[in-house]
């Protein structure tokens, strides 16, 4: 099984991919929950617009998303320049940029899962919490949030898995620099571009699948636990 | 606004994209519902495996998915050869192949959305249907299915939107044949590959966004109606 | 139609271990909250499987763990009125009501849709969905849904709990008719002794998952006070009688009973009809001499057969009239003042309107 | 503490148009299923906004559409026991019970957790989640949750509907204590005249979204039969009295009342304590001559003040004793047999155990 | 590891095998490897436009390089034509087609209803060259509806190696390395614009080792590596 030996650079890509996928998932979670709540419950002007915006990364070819990210979050882009200047936050050609790209690509999936769970909540339970003295924020924290855990877990695993597979937007936005922005999918892509690269691509694909499946199993286990808690005697 | 004029071939790509996305969504729906039901309710050996398999297209770089499709559903591939021989069903270089690729890429999203909705159903309502004489299939048809409509709609729009943006797996599997397999993302990709193609890419991207947003609005409207029905007085 | 139940089932820390064989048309499950009534009904309906045991209704085995028989719920043809209504939220009230018909084999239906709708007073709700229904409205729709499913066995889990008396008074006679005119056995969970006494002929008193007592109603009802778990003043006697004379709505009817002739206010139905009267212990006075000029319709001569210990300030006195026992609850003080002793001849003074053969609910 | 309600609200085709001003400690909402009781309570709790109108409790305005005032639900400090329990499925029973405490400003709590848990008999459920609770168990936890939230206003929507009598008998006295010892006003929705008569001092009878009648309980209760919507035999009279002599658990107590001295079985509490007795019309016999040797404790002399038309075979006779009206329901036949006329001196024979100053529930 | 003094090379993905080998040699020599980001030439060029921290760009075609130099993004005078390649007509290894590539040759008949796999004819370099060659040979119009255009040349190769397409046009470098395909013929150089891989130092580069790396690209070990992958080295060999 010599061909299964990962090179140092490949190990780097594995570690980086996990890091990128993890942080993409974690960073997008609060915003994902907030937007899911807005879309599930809010009645406001521009809701359709917001909804469209959230779905955009799904609709656009990844290359286009990546290019748009490059134009806005790049060092020369309006947001990128602003963030770099005022917060020292640089996305362009950094792993943070890869995480941003992955977060954005997974965002519609995450939001939709959480939103579905929130919409399934019996609002009369929330009403009950309200009469007991909980204001909107507390109702959200003590009732809505715990009851939407199944959706949150689903959203997280979707975001993570998507990040493990995301390639088009990432490579377009932050390129494919080993140790910095070369994630597993980028590395796999590179292998597919040269003669004799198939084995390498297969090797990395297997690694990627193993990682994602582990995460998936973990998420199923957590979801089962949460579900059992919700319906437990 | 001369640059917004679509060429004949581009119109073809637009029509084809809608066709592919629509059929990808429609074809994957029955299987999506079945698998969502299995994953939500079933307790069987290999459930984790099935779950992993469903998520695979999310995890794999699209190119890899496309290549795997080529290997299995191509004219020489085991399934492709079988289908071609026995049912005259050919995917290679056909729009059906594009639809297959899009369906598979959107499948994890669809399954997850439907599954979330099924898991949120109060099973005691299903029990009630059972005592009234409905067997498992009827309970599913008259109770489970209507109550998971929010998830089904969400799954459909996710599948459709994904299909509108899917490119990597499609082009790898069925390549890019104008009028047959050249979908909007493929056409957009073509523009992005040459210097000065930005305007063309932008034009087609806008078209794609308009179509997807229309579908999205439609889905929101249907979901709202369904929700109102479920909670209606 | 017999209902044989002999099951055990563990739910968390709760153990249901129930065994009875009812030959009654209506079997009442009675007992305090958490005693296992709903759990028992779920086993009969096939919503849960017993860990071990056997359930048979009218000779048909529904479950038998030793023989690995388990008839699935949809083949049991039970009409189950759940404690929580469990309406289908996506269907209109009409569709909810008709849901079971879809699956009932017989196409000609013995119970008529319009009748049931009228009885339950849900006609104005038919086009609505359950979402905005009031608590009582839901419960009524749930009752209708079960009745209309053309069931072979009716399971009623506190069907009248949140209904007002007027509504109960319309539903109870329907259930009585069902009991008397069809061969559909009924299992009825209720907290109300009134309901139980009026409908049931077999009583299972549940307590902490076990049958504290089980037997024909007339044997068990006088002992109910001792079994606990409900209001003592509901203790009473049940007497089966036959209409002798019907006095019409505004008049007095006469019933022939083992007690002798009993007078009842209002119509008792056609002559010859079998009826049941319940005499609550608290509605019976004891007199040592026949009272005169008193607005009580029934004054029955008898002898004191037993003087119970009773609770607190009151005692239960069993008066035997023509060989039938009537319970009377009086104060300890009165017992002493009247110098009651076993064997002493007394008169049981029963307020006329307290006898109810088929009128409005007793509770 | 007054509760002023003057609201209108449209729900689909249903129109609630309710106006009353209760000065009572316990205001009962009474009426048939679908009358709008829950809708009214929702408006008071702030779960719904009236289309127009005003609600004020104890002088604090909760809603006033003309002044655009709407106090949000979480600031109203209501303890709402919902008709459907609405427990938090993700929290344990203990966490459910304590949920409201979190948000109550006072950290020292007047009602004690352990007491409430013991009264409701939910101690063995504390670690469980609501999932597997029985119907009655849920309801009890819901009651506990509302009581423990330290409310400024208690809204009880049929809180005892699916509880057995024994359990009711433990909860009712608690509610009575709450009424008597705290300043928390209570709005109580119930179908049971017994519960209402025992707890309430102000009654609102709802019918099709409107207040068919509203007023102090003692004024309204004798007229209840005429208002319809509930069992006629629940009609009765309420008399406020003071304990004159306490006979202990097994003895007889004496109460001083406008009717004169009333004898009651069992303990009535300490001497001087104000109590309330309800005399159901169906528990009163009328005699033209004082009966002897009868196990009735109270035989009150009076004159016939009114003979009602009544329904069917029975009539309501109002007997005035010492200036206080007592209703008696007797058969039309008896009325004729005794030759009752307005002004005729008679005796109201009241069965002793039917008087209940604070004992077990009446229903 | 993102030391700012690290040498960053943006290179067309098809060069990976050769450049990885050269980079190893470079690391042996200098103690630190260059960071090479492989991607499509178009993506890399756009990133350079947006200020990517790259020092050297090696493109798979002249267009994107010219696009950058036209915008003054390359260091003047550093641009060189590094490598050349040629275009091959391939068939699956098991196929027995024979064809002589010549004006008006019987490509369509040999497809026999199948499709000709090639990279996107309007976008991807290999496709552009292939289209030009077919036009030059006068068979493009015959065949334009029979073409399966792949995302890139590697995908076109896959279509042939899996037998999905009976014939395909790919770089000779790709064809030579894949035992699942057979080269049917090579297109004459004059049938298409020169296939050139240009390299340049970028204007924004401040890395002092950029020039050395550029020079190393035409050192004998580098040339050997390129040639092992089937490229023609255009740049005259320099001696270090």
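When the chains are written out, they are named A, B, C, D and E in that same order, and each has its own residue count from 1.
Throughout what follows, a residue touches a chain if its C-beta (ideal position, glycine included) is under 8 Å from a C-beta of that chain, and two chains touch if they have at least 3 such contacts.
Given the structure is predicted, the values throughout are model-derived calculations rather than measurements.
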**Asked** Going by the average position of its CA atoms, which chain sits the greatest distance from subunit B?
**Response** D
**Prompt:** Distance from the CA centroid of subunit C to that of subunit E, rounded to the nearest Å?
**Reply:** 90
**Message:** I'd like the Å distance between the centres of subunit B and subunit D, where a centre is the mean of that chain's Cα atoms.
**Reply:** 60
**Message:** From the mean C-alpha coordinate of subunit C to that of subunit D, what's the distance rounded to whole Å?
**Reply:** 26
**Request:** Report the inter-chain centroid distance for subunit D and subunit E in whole angstrom, where each centroid is the mean of the CA atoms.
**Result:** 90
**Complete:** Expected list for subunit C, residues touching two or more other chains, is 11-12, 84, 128, 132
**Fill in**
Expected list for subunit B, residues touching two or more other chains, is 63, 67, 168, 189, 192, 233
**Fill in**
Among subunit E residues, those touching two or more other chains are none
**Fill in**
Touching pairs of chains in this structure are A-B, A-D, A-E, B-C, B-E, C-D
**Asked** Which part of subunit E faces subunit A closely enough to touch in the complex?
**Response** 1-2, 8, 10, 13-17, 35-39, 43-44, 46-47, 50-54, 152, 154, 173-174, 176-178, 229
**Prompt:** Where on subunit E is subunit B touching in the complex?
**Reply:** 40, 42, 45, 63-64, 66-67, 115, 117, 120, 122-124, 147-151, 155-156, 158-159, 162-164
**Asked** Which subunit B residues qualify as touching subunit A in the complex?
**Response** 48, 51-52, 55-64, 67, 108-109, 112-113, 115-117, 119-120, 150-151, 154, 158, 161-162, 164-165, 167-168, 185, 188-189, 192, 201, 205, 208-209, 212-213, 216-217, 220, 227
**Message:** List the residues on subunit D that touch subunit C in their complex, please.
**Reply:** 11-12, 31-34, 37-39, 83-84, 128, 132, 134-137, 139-140, 157-158, 161-169, 191, 228-234, 247, 249-252, 263, 265-267, 282-283, 285-289, 291-297, 312-314, 328-335, 338, 349, 351-354, 360-361, 363
**Asked** For subunit A, which residues count as touching subunit D in their complex?
**Response** 124-125, 127-136, 138-139, 142-143, 146-147, 229-233
